[in-house]
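Heads up, the next two complexes both have chain A, just with different partners, chain B and then chain C.
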Partner chain A sequence: MVKAVDGIDLQLRPGGTLGLVGESGCGKSVTALSILRLLPRSGHIVGGRILFGGQDLAVAGEDEMREIRGNAISMIFQEPMTSLNPVFTVGDQVAEVIRQHLHLSERETRSRVVEMFELVGIPDPAIRVRDYPHQLSGGMRQRVMIAIALACNPRVLIADEPTTALDVTIQAQILELMRELQRRNRMAIILITHDLGVIAEMAEEVAVMYAGKLVEYGTVDQIFDTPMHPYTQGLLASIPSLVARGRPLSTITGTVPHPLNLPPGCLFAPRCPRAFERCPTAFPARMEQGDGHDVACYLYGDRAEASA
Partner chain B sequence: MINTALEQSELPRPAAELRADYDLTREIGYYQLVWRRLLRHRLAVIAGCVILLLGLACYIGPILLPARWDEPDLYNRYVAPSLTHIMGTDDLGRDLFKRILEGGQVSLAVGVLAMLVTIVLGGLIGALAGYFGRRLDNVTMRFTDSILAIPQIFVLILIIASFGQAGHTPGVIILAIGVTSWPYTARIIRSVVLSIREKEFIEAARASGSGNLKILVRHVLPNALGPIMVAATLTIGFAIILESALSFLGYGLGPPIASWGGMLFNANAFIYNAPYAPYAALFPGLMILLAVLCVNFLGDGLRDAFDPRSFER
Partner chain C sequence: MSALVEVRDLVKYFPVRGGILQRKVADVKAVDGISFDINAGEVLGLVGESGCGKTTTGRLLLRLVEPTSGQITFDGSDLLAMRPRQLKATRAQIQIVFQDPYASLDPRLPISEIIGEGLSNHGMKDRRQREATVAEILEKVGLRRYYVNRYPHEFSGGQRQRIGLARALVLRPKFVVADEPVSALDVSIQSQVLNLMAELKDEFGLTYLFISHNLGVVQHVSDRVAVMYLGKIVELADSVDLYRSPKHPYTQALLSAVPVPNPHEKPQRVILSGDVPSPINTPAGCRFHTRCPLARAVCSEVQPALELKARGHLAACHFS
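And then the complex of A and B:
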């Protein structure tokens, strides 16, 4: 058995935005899919709880989950080009989720669809609802995906790399749109990305993940101003700077370990510039460093994680 | 200018009522688009028209032609094609043209009905195997493999023979062709469903709360229609040929029912032997060729028409 994600302790406040950062393959998406219980067939949740308004989603029945998906918790995917069904109009696809959860009359459903199109900033909403996905640009399709995700006024929106496939100007528009809609509905957002710029702009709290583990957690200011974990420091150092010219870009050497072949102790130790003899012994516990800034690193205290 | 779009969304919605006038369900122009694309496929349109004409001729033609042409006329056996008998007469002196039209009723009906049996069986098995995968997929596909490993014509003969005299009726032949042909269709549909299942819009549908049945019917099926259409048309052609082959082997529909394959079988003896009537084999053969070719052309056009990626912007 491979543990793709292990010991992720996170909290999300109503109206808050939590950023989930890490390299490719560090378990960000698996974490998100677990919340909606949409893991692929090969994966399952072996332990832990996912509390949502007093209900534990980790053990909820499939029917209960279907009631929650797209309704109380919805999700936006990375690929707007392929996340829409090519054989139905985009309006019809927004209507589908409304029919599934809200039980409005056909007429109310239709005006709700146009309303949603208007809300996500699609021009000529009453005309665009009749378009097929292939007739819309990537940015417009992502707006449709957001319209689908928001049609039932969810309390939580999980956005898995929502802007990765879009060009930068569209990216900024989409992020601005998400923020605007969040303010309006007091919706909480889990934003998954490897783009630290997006995190800095959007998130209030940030969780840094490495190889399926949470290594650092704090407010966006804490993470960006005083990063503690060497991995976080490495990530921030590898952002190209406009000020420091003429120096090669800093990188983190090596790659994320394969989940089947994890190093002993701290998973980051083999790539860590500040590793010492304690690191390969056991995975460090998450230690509070004041003001809710947590880090799992022996540089800040010698406490190992209780072995499972 | 990032905020332009948002400012628009900030607008009140004074015309919300007015906008509710459009009809989502009526606006589903997908099938309209498919139809338009099909009409642009010239070969498919011609093939479709030929099939339509052929069907009409087979079902209406015999009513209009003289009834005595069905009666044996031993003074006029093996008459070569002429103005009276444009396709000549057969070994019993019956008019071949009228018989070909009557045989067409049987051959076309067998083709279409056997296709329906095949598509329903194969489609269901293929879709379930492809969608649910795992053990169901393994079991059904290995079963399919083992059926594919047995020559179909022998199984067909076995089934038909097991019915005795009743085996030579259209119902038995249709069912026999249907239950032996589904593995091919199941294979095609399974692989199509397998690839659609992995598409992101399926995951997106799941994330918005759709269940398996809804995903299968609403998202998988419409996207699989193109390949299903191709499989269906190919199966019609295939079933017509199978029925002909069965008749040719003497396991098809018994006399006096005419079918193209049966007529080929009757004419077979006199292609190279006296009284030399190759036309008696030529015409039914041509009809089989024409019908099978046309349904395949039509299938080709349908596949292109149903491919959503081929819609122009």
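And then the complex of A and C:
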């Protein structure tokens, strides 16, 4: 059994943006898919709760989930080519979610689709709704995905690497669009990405994940100004920049452990430059450092505990 | 410094065929008249967005793709005039590292054969000698000797890219085209591979053409940087200069679009409208004028030449 995500605690405020950052296989996508209960058949939520406005999504019925998906909580995926259906027009695919949830007349549905296309900045919306996915560029396809996600004014948008497949100039357009739509609809965003630049720009709070565990949590300023976990510090230090030009980049030695062969205790210990005897004993608990900054690392004591 | 590679007016059109007779109906202008030099011992970065022609440029330099027209001189000899035998000998000097470490290694061959294949093709017939050479290069790229009999699926992405580097370097080339060598890797692994590439460059006296869409990575590794847009080089300058004072409006927009990993720095962003035009119907005049915030009438009529705008700083724009 692979523990893809192991004991993650997160909170999302209405209208806020939570960034979920980590490298391939750290469990950030599985976390997001769990919220919408979209895990593949082989995956199960074996414990924990997912509270959404008082309702526990982890145990909600399939009908209730269908009511929520695409409506109150929606999701955009990384690869806009594979997540759109190639044999339906993009307009039909936006209309599908509106028909499912909003129960408008056919004419209202169609005008809502065109309105959504306009909202996400697709030129000539009335014509483009008749296009098939392959007729659109990557950036335009991602706009269609966003139109589908936002068609029912969700309260939460989960964006899983929404710009990773796009060029930087198109990425800038899409991020700007997401920000603007968030302001307008007062929706909360969970942004999943491996790109620390995108996190710095978009997120208010950041959760850093490593091998299925949450290792650090804080505001974006706390994470970037005073990162505490050696993994977060290593990640930030290994970003190439002008300052370090010509000099070797700082690296994190070794590789992410295989999920079937996890080390004992702290999962980062074998790669950690500051590991000591205690690290392989047990995974450190999440410890409060004040002002909402939490870290799971034995280098730091628990302030809340110490003062108690 | 002398130029190891000289490229002049290099053009590559890919025909688009259509109709019942599969006649040529149009051309994809992948690379449309570019010129540049790569000096011995330097790293020239080549950046641009998808479809700008940077990968085709890299492959043209190895003649993995035959150019439509233009000239490539490698180490003083005309690469395009070479006959097969001479070309083969020269190719030992020019190697490539590919982007996707999963697709670029044959899953049915052990590492020893993946790396050793070039050696036997270039005349090292003695198996012992080959094995020793392979083992030696494996150590140079930071892998253990006893890995030689393993197959690609047994390695992680970062290790595979090290194998790709070993395969490129085992023939002791002078020049390596690195096509998005770290794009498929996680940040922590990416920095390991970039450091290794820098070490190997010093040890073997290599020259790199470093192709990437990641502007941060290119900035870190390159001495000079060329920016491509729709088959043209729009700017070419010293790396520090280019990032500090970009002259072409496309370069400016591109650099401003990169998210900065610092929440206190809110960059002045130039958001470009629209998408890159199709390389089949390239715009007349300046290729960038359809999206350029500075475009005027002249831009849609006259194609700007790549000219010297400051010391060592070339740009192709009427208004920079």
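Annotations
Please note the rule applied: the second predicted complex is superposed on the first by the 301 of 308 C-alpha atoms of A that agree within 3 Å, B and C clash if a C-alpha of one lies under 4 Å from a C-alpha of the other, contacts with A are read in each partner's own complex, and residues count from 1 in each chain.
Just so we're on the same page, a contact is a pair of C-beta atoms (placed from the backbone, for glycine too) under 8 Å apart; a residue touches a chain by one contact, two chains touch by 3 or more.
Computed from a predicted model, the values in this text were never measured in an experiment.
Judged by the touch definition given at the top, the superposed model places A:S137 against chain C, while chain B stays out of reach. Contacts of A:P248 after superposition: chain C is touched, whereas chain B is not reached. Contact with chain B, but none with chain C, is seen for A:V114 once the two complexes are overlaid on the shared chain. Within the superposed three-chain arrangement, the count of touched residues of chain A is higher for B, of the candidates chain B and chain C.
By the touch criterion defined above, A:S238 reaches chain C but does not reach chain B. By the touch criterion stated above, A:A211 is placed in contact with neither chain B nor chain C. Look at A:L84: by the touch rule set out above, it reaches chain B but stays clear of chain C.
When both complexes are overlaid on chain A, the residue A:E176 reaches chain B and chain C alike. Look at A:E67: by the touch rule set out above, it reaches chain B but stays clear of chain C.
Put simply, chain A uses residues 123, 169, 172-173, 176 to touch chain B in one complex and chain C in the other.
Every residue of chain C that touches chain A in the complex is listed here, in rising order: 49-50, 156, 158-159, 186-192, 194-195, 198, 213, 215-217, 219-221, 239-240, 243, 253-254, 256-264, 266, 269, 271-272, 274-276.
Listing the residues of chain B that touch chain A in their complex gives 2-3, 5-6, 8-9, 11, 13, 15-17, 19-20, 22-25, 27-30, 33, 133-134, 199-201, 203-211, 218-219, 222-223, 308-309, 311, 313.
Looking at the complex, you find that chain A touches chain B at residues 36, 38, 41, 66-71, 74-75, 77, 79, 82-89, 91-92, 95-97, 100-101, 106-111, 113-115, 118-123, 125-126, 129-130, 132, 134-135, 145, 148-149, 169, 172-173, 176-177, 180. Here chain A touches chain C in the complex through residues 23-24, 123, 137-140, 167-173, 175-176, 194-201, 220-221, 224-225, 234-236, 238-242, 244-245, 248-253, 255-256, going by the rule given at the top.
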